[in-house]
Structure formats: structure tokens, C-alpha cells
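Across the two complexes that follow, chain A remains constant while its partner is chain B and subsequently chain C.
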Partner chain A sequence: MTKKGFAPRELIGENRPTLWMAPLLAVVTLFYLYPAFEVLRFSVTNSSLLQANYEYTLRTYAQVLGDPVLYKVIRTTAIFVLASVVLQLALGLLIAVAANRARRRRLPGIVFMRSVILSAWVMPGVVIGIVWAIVLNEASYGLINLVLSAVGIGGVAWLSNPNTALLSIIIANVWRGTAFSMILQYAGLQSIPDELYEAAEVDGANALQTFWHITIPQLRPILMINIILITISTLNTFDMILPLTGGGPGQATEVLSLRTYNVIFGQFSLAGGAVLAVIMLAISLVITLFYRRLLRSEGVV
Partner chain B sequence: MRRWVVRSAGLAVVVAVVGILVGCGGGSEVLTLDRIGQEDAPKTMTVQLNNSYTHQAATPSWADGFEKSFTKFAEDHPDWKLELKIIPDDATTQEQARLLEAARVGRAPDCANVDSFVVPQFIDQGALKPIDEHFSEEEKQDLFPFVREVVTGEDGKMYAAWWATDLRLLYRRTDLVPEPPRTWDELIAAAKAAEEKDSEVDGYLFNGGRWEGTTFDNLAHFWSQGGELVDEEGKPIFGEEPHRTYMLNVFEFLKESVDSGASPQRVATIQNYDELDAAAQAGTVAMFQGGDFEYPALKETLPPEEFKKWEISFIPTMNPDDPQKTGTGGWTMGAFSDDPEKVEMCMEFTKDVYIGEGNQVTGQLPTSESLFSELDKFQDPIYDTFREGLKEGEARPGVPVYPEISNQLQIAIGTVLTEEATPEEALDKAYKNSLSAYEEQQR
Partner chain C sequence: MRSRTAQRRVGDALTYLVFAAALVFFGGPLLWVLSLSIRTQQEVFITSLRVIPESPTLENYVEVLYSAQFSVFLINSLKLSVAGSVGAILVAAPAAYAFSRLDFRGNSALLISVLALQMISELVIAIPLYRYFARLNVLDSHFSTAMVYIAILVPLATWMLKGFFDGIPPALDEAAMVDGCTRFGAFRRIVLPLILPGLTSVFVLTAILAWGQFIVPYILLSEPSLLPISVGILNFQGNYASTSPNVVAAGGILAMLPAIATFVILQRFIVRALTSGAIKG
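On to the complex of A and B.
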């Protein structure tokens, strides 16, 4: 039996990625796993910003889960996320298909159009919230109501009516997120071989048939990834809602992430905020697992 | 030869420009983005300031004013350098929570801006150091009563230097509302009359959206009836008689203002004072409840003949004889260091830069009678009204449960204005949730 000495080269060999993975592992551990562990740990305490001492208890879970407000907030969040995801996906696809067609026909201005759409996505959420607060302002100088008045339609209570306020934050979020969906799907569309479309054309397929039987099946993996990413991103949205409605009127637009902020900085309850964060994490995980299963069944992963 | 001349001349220009820049920089070496004083000064103090109260303020005149004050302070105190942590103005609420957390574990800066309404919490937590020895008895007695009450601990010691305050008032366009309304009924009647005179205007606007201003501004209506939010222990009592009735009166009044058409339903969306200013600038409001700090903005932005139409009066009350209370807020400076020398320097910095000088720079109201008389900035007759109003000033209760009470009252007012709940339902829910938050904090 020969004794093998330490050979650093083996660690960084093609099949042994330990060393070159180490920085990534360190970053993930330090900035993702450790904070996530701390959130989990705080959630099983009664920790508060006002007191140094805390004890381990499950009482905070009982309190948060026993609060009827939580279920109203979850309902609002579900409507917000579902509507945002469906609309972002549909509009993103629509624009991507249009842009792709324009590219194939070599129409001018396509790069400019892509840049304009993308500008909505790169804007910080707070700025988008402020911009939409101006656009949807119900005063006579609010942009949309001004236009509606000009064409003889009375002003709409965009933000002061609890139902339309929820619709308003969905509109603002769709405006913000559609660009991301469009870019992903545009990239996906470009990877579809032109031969498939040419064959469809030869077979006499119309535009709708081509879209349904070629574009959608070819795009399915990208669509699935897109759904996962925008679901999680919408679930975490609160920076845009804060300046737009603050969660009001009443609690009509208070979503889970905003509720978490209010619990920590309003009630000073670190534990309560951590429990809500864990609930959000659990929801994200369940959704991701669900989508993953779907992807598997599609043979994508 | 010619090329050589051109190159030499170019080099000379570059050297001259660099020289000028370095020369200019040399003069302001004592002030950088995050430091006041020479870098190699032997003594160091860490200071946390709101962006508005620094040389990086968004308002150019404030930035210039603080740049001069900071530079002078650095020149007068060559042994000290102040390392600055500057907080964005839109993050001050959560930063106060973080500051308290930092103080609790001994990592707070030596000297910091503390929001006046959280000062009692900081005192209760033992975060602030007493500063009595740095102020004369005369200076302390000169402070407005509500100021003294907030900055004084149970041991009778003074814990924070409250240097800037504000108050809430009723703004009205005199061409539409010639006489100031004294009661809520008069206010609603005047608002409706104004709307009849000019169909483009909303009669009365106020903060009714989901933010602190909604609670704070409307608390004046509650305080003027004798209402109290919490008892001496800091426990919420606004759901118990007689305070429950007082709060219900406020909710009924706000609801009536919308139901009667005196106010539009969109008041439920107003969540900053800028929107009130915007309505005044657009000529679409007859009256609004705002802060004194909106007065300079209106003066600056409205054409002189339009500005002349605006007058200010105290906030109307339920009954004609009720005191016209007003909410007061503002910022203090507090010392967190265990080192007496740093506590002394913190207060010296506060006196040199903020008390008086800072009021002059920002136009934010001083907290003592004498400064009102002494400072040039406050000689306009309007400031006599502000000074008079401050005598009925009320600060928000500085108890840990207040932010949650405020949050619950914002929700309650929102649901009442949008008719999602009756005033009774909204109040009972707000009280129940506030009590529950209090009990959790008491565990």
C-alpha cells in the first residue's frame, strides 16, 4: 500500500472542483445560508428590538398564525402575485413575439424598442412607486384622470377605493416586470430554429397554428423558469408599494413583505418579522417545488 | 518649435488648473463627505446625522449653510475629527429602530440625531447620557413646556438637546374662506361654501393615507378634547372611556368631511405634505391641514398675488371653547458615549451647529422663546403665529407601543374614509391590536 501525499493539483483538477468552488461556497454560506439560518433561529424566539434578552419559544408562531390579519394579507398577496405573474408572462410573450417578428423582417428601431422596454425593468422600485403615484393621482392633475377627463370620462378612484387600489399596484408591478419576461422570452424565441417556421409555412400553417404548435412548445422551458423567477420576485415586492399606497387605504394593499416590514419597524418585533419571513420562504419553496415538478414532467430537468 | 510652445502652454494650463483645484481643496480639507475636521486630529467622535442636516442636504441653501457651520466648527476645534454616518432622509424611521438596537449592544455612535418622539424610549432603555451640565438652568427653563417634558427623564435629568420643532396648522385661501373656522362644523360648512364659489377646488384636504402624518396630524382633534392615547405606564387607553368617545368623535368628523363632500375621498390616499402643496399650487384646494414647514415652500412657489390669498390659523376643534392643540415633532441631538469628553463635544457641536444656527439654516422652528426673538430668520410676523401655536403643542407619546398605535390608527382612518368599517368597528379593532402589541412588548 502506498501512502499518497497531499497533491493540490488534484483538488483543482477537472473532476475535483473543491478549491475553485470554495469562494462561491464561502459567499453563499456567509451571505445566504447564515442570514437564512438566523431568520429561522429568530423565528423560534420572542426577540424584540426593545429588549436584549430573548427566549426560545414557538409562541410567536402561534401569535402570528392566529392573527386574522395574516389571512387577509395572504389573500391580498395571492391576488397580487397571481395577477402580476399571469399578466407579465402574457404581455412579455406578446412583446417578445412582436419583437422577434420585427427582427426576422429586419424592421428598423428594434434595438431602440428593446432599450425603452428594458428601462422600466432597471428602474428602482421606489422610483416606480413614486412615478405611478403621480400617474394615478386622483386629483384633477393626476395623469390618467386628466386624460380620462379630456375624453369626457369622469375620474377613477385609482388609489382611494380598496379594490381599485389593489388593481393599481398590480398594473404598476406588471409595467415594471413585463420587460424582464420579454427579454427572457425574446432570448428563447431566438433559439428556435428558423427551419421549424419554414416547415410550418410549407405545410400551410397559419400564424396562430405556428404560435401554438411551434413557438409555445419550444419556449416552454424558458416560460417555466420565467414563471419561477417572477413569482418569487413579485412575492418579495414591497419597495414599490410603500411609496404608492403605503399598504392602504386601510390594509387593502398590504402584502406579506410589507407586513413583515411593519411588524419589525412598527411593532419592533424581530421574532414576528422572522416568522413572516419564514412563511414567505415556505411559500416560495412550495411554489418552486411545484414548478420544478412541472418542469420534470415536461422533461426539462 | 511651434509644437513645443503649444505643448508647454498646454502643460502650464493643466498645472494651473490642478493648482487651483488643489488650492480650493486645501481650504475645505477639514470637511469631506464623511468627516468634519483634520484627518490626523488626535481625538475622534462618531456622529450619525440625517442627510438634511448635513452639507449634503438636497436643499442647496441647507447644504451651503451646514457646509459653513461644519467648516467653522472644524476650524474652532482642531484637535477633533468627527466621523459622519449620514442617514438618507427617507430611512430615518427604521434607522431610529436600528440606532436603539445599536445602543442596546453598545455600538451606537457617540452622538446622533434622535427623533423627538422616540427620545423617551431611548431614555427608558438607558441609551442616552445626561447632558444637564452643558446647559444653564436659564436655557432649560426657556424651552417650550412640551420640549422640556419630552427630554427630561424620570430622574429629572435632561437627556437630549431638542433643537428643531414644527407644528400643524390650517391653511386657507381667504378669497374662498375669509374667516378662519373655529369648530369642525364651521370647517365643513366653510369647505362646502368654498366649493360652491369655485367648482374647481376641494374644500378641505388632510393627510388620510397610510403613513405617520395621518395619525399625527389628526391627533390634534383628539388632544383638543382632552384625549390621551396611553396612560402613565405607556399602556394604550384610547379605547377606554372617555378617550374612546373622543376618538370616535374624530373618526366621525373625518368621515363627515368626506360624506358631506367637504373633502374628496382621495384624502384616503394622501401620504405626504407635498401633495397638499401641489394642490395649493394648482389652485385646487380652499383649505388644508399642513405643517409650518410648508409656508416657506408656498411662499417660494406661488406667484406673489396668489400667495397673498393664503392665511394660516389654528386647527379647528369640536367645541368652540376647546383648546386648539397642535402636534409637534422635530429632531434632537443625543449623546451615547460613556466618555464625558465626547458627551461634552457632542453638545458643543449641537450648540455651535444646530441650536440657533441650524434653525437659521433650515427655517425649522426653534424650541425656545428667546431664540424666536433673537434669530433674524424668525422676525416675519407669521412666526408670531407659529410661536403662539407652539404653546398648545403636544408631542406624541414616546412609548414603545406608539408606532403600532399609529399604524393601527392609520388603518382605522383609512377603513372609515373608504367605508370598509364603521368608526366603532375601526376603533375597536385598532385598540385591540394596539393592546395586543403592548402586551407582547411587556412580556
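On to the complex of A and C.
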């Protein structure tokens, strides 16, 4: 009567993963694997949004890779990502260390401060762009220029000068993302055993030594995961940039993801956009491989 | 002894200095946008750092809600966020349970692959779907857009839920199964109720992420009456920014309010959700 060892039952029994995983695998196939395959396929065509017909060719790759604009966009993206990551990490850590100190000393105000910082993180990216378009505005209601003129510095062209425009989107992105780093670092700091600090105190270590020799090494796994996650999210950012600078002035703030969008929906070149999307996929893949190695080596999975 | 007390005082002062600087940097812009949103047209273009205007008004909010379709945008966002989060949890929960409980070949490799999906930009997903949906004639549909929301939220939901399932001892499901429950029955009646706080965390976090989702609706929806707030407010800014930044500010406040309110009320759940994935053991 028993059907032990009967293959189909083994495959779909409730102690086998198949049925449990089926909805997830369906979603992944339809909305990740299929689109990724399509992006690869379109990248080797000359397809356009305006025409139904296309043929296979490698010429689109040659065109996109031979276009000097690509290298300008990659440079802008690299500066944007690097500056954002460094600043978010440093600022997040600084605030987390202060919050952790306040926690150990039972000082009030942590929750209020955390609420304000996280408010910047929970709002939609487009709204963040709108907030900073107001704050950095060069008209009379721009907050930053009002503050600067109060201390005697003349109006800065935050959004209309190519160099400051790049700085502006970095500031807005740091405003957005610092909360995430702060939360991770704060949780990480709380998990460092108190005994380590007590031992350091007994040994007569000063605050700076304690920070370098205990806090930083203990936080290392979380710092690494933090770096990878914020690199990815900054790389994929373009919602915040649209209302703030729209990629301009000129192409000064046109990052890779925004460029991809513009090539497809502005120039209607599906193939050209697909090539850029393949570049984005390749970058994500490299970062993911790092992440995987990291998770394995830290024993998370 | 004395010098240690003095040192602590200096430390406390520095702590609050960091807090104060953080409040100015993060809270200042919000306060300023709030201030602009209650100014009359006459007070917008005056050069002054005054935060509370001379004659505060709520007219900008009325303008936004009635003439700019904002109420429609907000309802659309609510629909898409709830559908996306609930759908993502329905898809992710059984898979996360299997990842947590079942011993099968490739378990951890598959789990890492699911996590890696999060690294793919929504843009890469939305581009081919745009063409695909156009051919199936399902562009400009909340249903098909919500499916994509679900897909985007699923990796995070799976990862987080797996962590919460791991926190429940497997002996509980096994005891239920000895008592005659099927594994699915144990999952539904024993384990799921136990991770209710975890489910809430996942729901709140994914709903907030869905509320801010931009690229997918920007590409897949164009009919103004279907747009969520994140896309609707961009068109709105284009129309009003040069002449009435006070109205734009009111729109911005309305668009951020639901996310901030949800977060402030439920922040314990969110902070736990955020840290559960990255920090373990």
C-alpha cells in the first residue's frame, strides 16, 4: 500500500519544497528571469519602441560603447555612488555611535532623533527630490541660500551649475540614505558585548583607541553588508534626481539608470537602452558575487 | 574620579551636539517645506528666514486635494501598496517556511539567489515588461502593475520571513504533526499565528517601499486617473513649481505624510524588520 520511493510523490509531497516554492518560482520566472533574458535579447537587436520589426545585430553594442556620452555618464554615476556611500556610512556611523552612547548612559532623545532621520528615508524618492528642489532653490524661498546669505555668502547656483548640481544630488541622496546606515550600525553597536569595553577601560584605552580597536573590528561584517546594500540602492536611484535636476544642467547629473530610461523613452531606442541595462545587470552581478562571498564567510547563510 | 565625571559631561555634550546637528540637517528641510506649504502666494517670494508665516493658510492643501487629483493619486497608491505587500507575503510565506524547515539540496544556494534578485534594478525588469504588457494589452492596469509590485517585494519578504520562521522552534510543528496535523496545517494554524509580529513588520516595511515605488508605475501607467502619488506628484511639480512652490510644498507634505505617519506609529516593527535581515546571531 505504501508508495515510498515513488518519484512524483517524492517531488510534490508536503515535506518536499516544490509546492511550497511554486508561487515564488513562478513570480521569479515571469518577472525576473524572463525580463532579464529579454533585455539580453533586445541588446543584440536594433529594435525601437516605434517599430514592431527588428533584426539581430551587434551594431548597437558598438554604437553604445563607442559613444563618449557613456563614459561621461559612468563618471557621473561613479562620483555619485562613491560620495553617497562614503558620506552615508560616515554620517550613519557617527549618529549611531552617539545614539549608542546615549543608550548606555540612558540619555533621552534617541527615539525622537531617530524618527526625524527615518522620516527622510521612508518618504517616496520623488518627494525627496521635491523637498530638495525647494530647499536648494535659487529663487528667494531657497532655504540654503537664505542661510548662506545670512552669514554673508552670496547665492550659490545649486541646481543650474553643472558641478554644484552633482553635489546637490549627492547631498539629497545622503539625506535620504543615512537613516538606513544609522539603523544598521546602531543595531550592530548594541550587539557588541559590554565586557569588551569594560576590558578596554581597565587597560586604560582612550575613546579613540577603543573605537579603532574594538568598535570598528566588531562592526566590520555589518559595515561590509551596509556598503554593498547602499551601493546597490544608490546605483539604481533615479526617482529623486528627476524632480531635482532632471539629469541636468546639460547631462551633469545624468546617472546610468536615468540615461537608460532616457535612451528608451526619450530616443525610443529599445536596443540602446537594453545594452545599458545589460551593463547595469553586469555591475549588479559583480556586486552580488561579492555579497554572496561575504554572507558565506560571515556565516549568515 | 572627578576627571571621569568631567569626561562623561564632555561626552554627553558631544552626544547632544551630534543629535542637534542631525536634527538640523534632517529636520530643517522638512520644517522649511512645511512652512512654505502654509504660506500665501504673497509670502512665497519674500526673502526671509521666517518659519511661521504672517498669515498662515491651508488654501494650498485645498487646492492640491481638489484641483490637482491628489486624492485620486493617494487612493491609487494605497491600493497598489496594499495589493503589493499582501501579495508579496502570500507568495513569500510558504517559500520562506520551506527555506526555514525543509532540508533539501540547494536550499542555501536558492535562498542566496532569491536575495540576489534584489540587486536587479526595477528598471531592468520594467523595460521588457513594458513591451510585453503592451502586446498583451495590459498596460495602464492596476492589476498587472500590482503583480510587478509583488515581484519586486518578494525577495525582501522571503528573506525577512525566513528569519522570523527560524525564530520558532521546529519542535512545535513536529508536535502538531504528531497530533495528526498535516505540515500545511501546522504552518497555517501553529507557525503563522506565532510570527504575527514578524508578518506585521514585513507588511509595514514592504508597504512603505511600495508607497515610494516609482519606476514601475512611471513606465507601466500613463492614464492620469491610475497614477500613484509618487508619479502623479512629478507631473504636478512640473506644472506648479515655477509659479506656486507653496502649492508644490503642500503636495509634497501630503505625499510624505502617509508614509511618515505609518512609520512613526509602527516604528518598532520597522526598525526590527530592517535589522532582522542584515544582522543575525
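Everything that follows uses one rule, which is that the second predicted complex is superposed on the first by the 264 of 301 C-alpha atoms of A that agree within 3 Å, B and C clash if a C-alpha of one lies under 4 Å from a C-alpha of the other, contacts with A are read in each partner's own complex, and residues count from 1 in each chain.
Operating definition for what follows: a residue touches a chain if its C-beta (ideal position, glycine included) is under 8 Å from a C-beta of that chain, and two chains touch if they have at least 3 such contacts.
Every value quoted in this text rests on a predicted model; they were computed, and no experiment measured them.
With both complexes brought onto chain A, simultaneous placement of chain B and chain C is prevented by a clash. Judged by the touch definition given at the top, the superposed model places A:269 against chain B, while chain C stays out of reach. When the shared chain is aligned, chain B and chain C each come close enough to touch A:140.
In the superposition on chain A, contact is made by A:105 with chain C only, not with chain B. With both complexes superposed, C is the one of chain B and chain C in contact with more chain A residues. Applying the stated contact rule after C-alpha superposition, one finds that A:62 touches neither chain B nor chain C.
Contact with chain C, but none with chain B, is seen for A:117 once the two complexes are overlaid on the shared chain. Shared-chain residue A:288: touches chain C; no touch with chain B.
Of the two partner chains, chain C is the only one that A:127 touches; chain B does not reach it. Superposing on chain A, the segment of chain C with clashing C-alpha atoms against chain B, chosen from 8-16, 26-34, 62-70 or 80-88, turns out to be 62-70.
Shared contact residues of chain A, touching chain B in one structure and chain C in the other: 49, 126, 137, 139-141, 264-265. By the touch rule above, chain A contacts chain C in their complex via residues 14-17, 19-21, 23-24, 27-28, 30-32, 34-36, 38-39, 42, 49, 94-95, 97-98, 101-102, 105, 107, 109, 111, 113-120, 122-127, 130-135, 137, 139-141, 143, 146-147, 149-150, 175, 178-180, 183-184, 187-188, 191, 207, 222, 225-226, 229, 232, 235-236, 238-239, 242-243, 257, 260-261, 264-265, 270, 273-274, 277, 280-281, 284-285, 287-288, 291-292, 295, 299-301.
Interface residues of chain A, counted against chain B in their complex, comprise 46, 48-50, 52, 63, 69, 126, 137-141, 157, 159-162, 165, 245-252, 262, 264-269. The touching residues of chain B, when paired with chain A in their complex, are 90, 93-94, 97, 100-101, 104-105, 121, 125, 200, 202, 208-211, 264-269, 271, 275, 278-279, 282, 284, 400, 403-404, 406-407, 410-412, 414-415, 417-418, 420-421, 433, 437, 440-441, 443.
Listed in rising order, the residues of chain C touching chain A in the complex are 8, 11-12, 14-16, 18-19, 22-23, 25-30, 32-33, 36, 44-49, 90-92, 94-95, 97-98, 102, 104, 107-108, 110-112, 114-129, 131-132, 147-148, 150-152, 154, 158, 182-184, 208, 211-215, 218-219, 229-231, 233-234, 237, 241, 245, 248-249, 251-252, 255-256, 259-260, 262-264, 267, 270-271, 274-275, 278-281.
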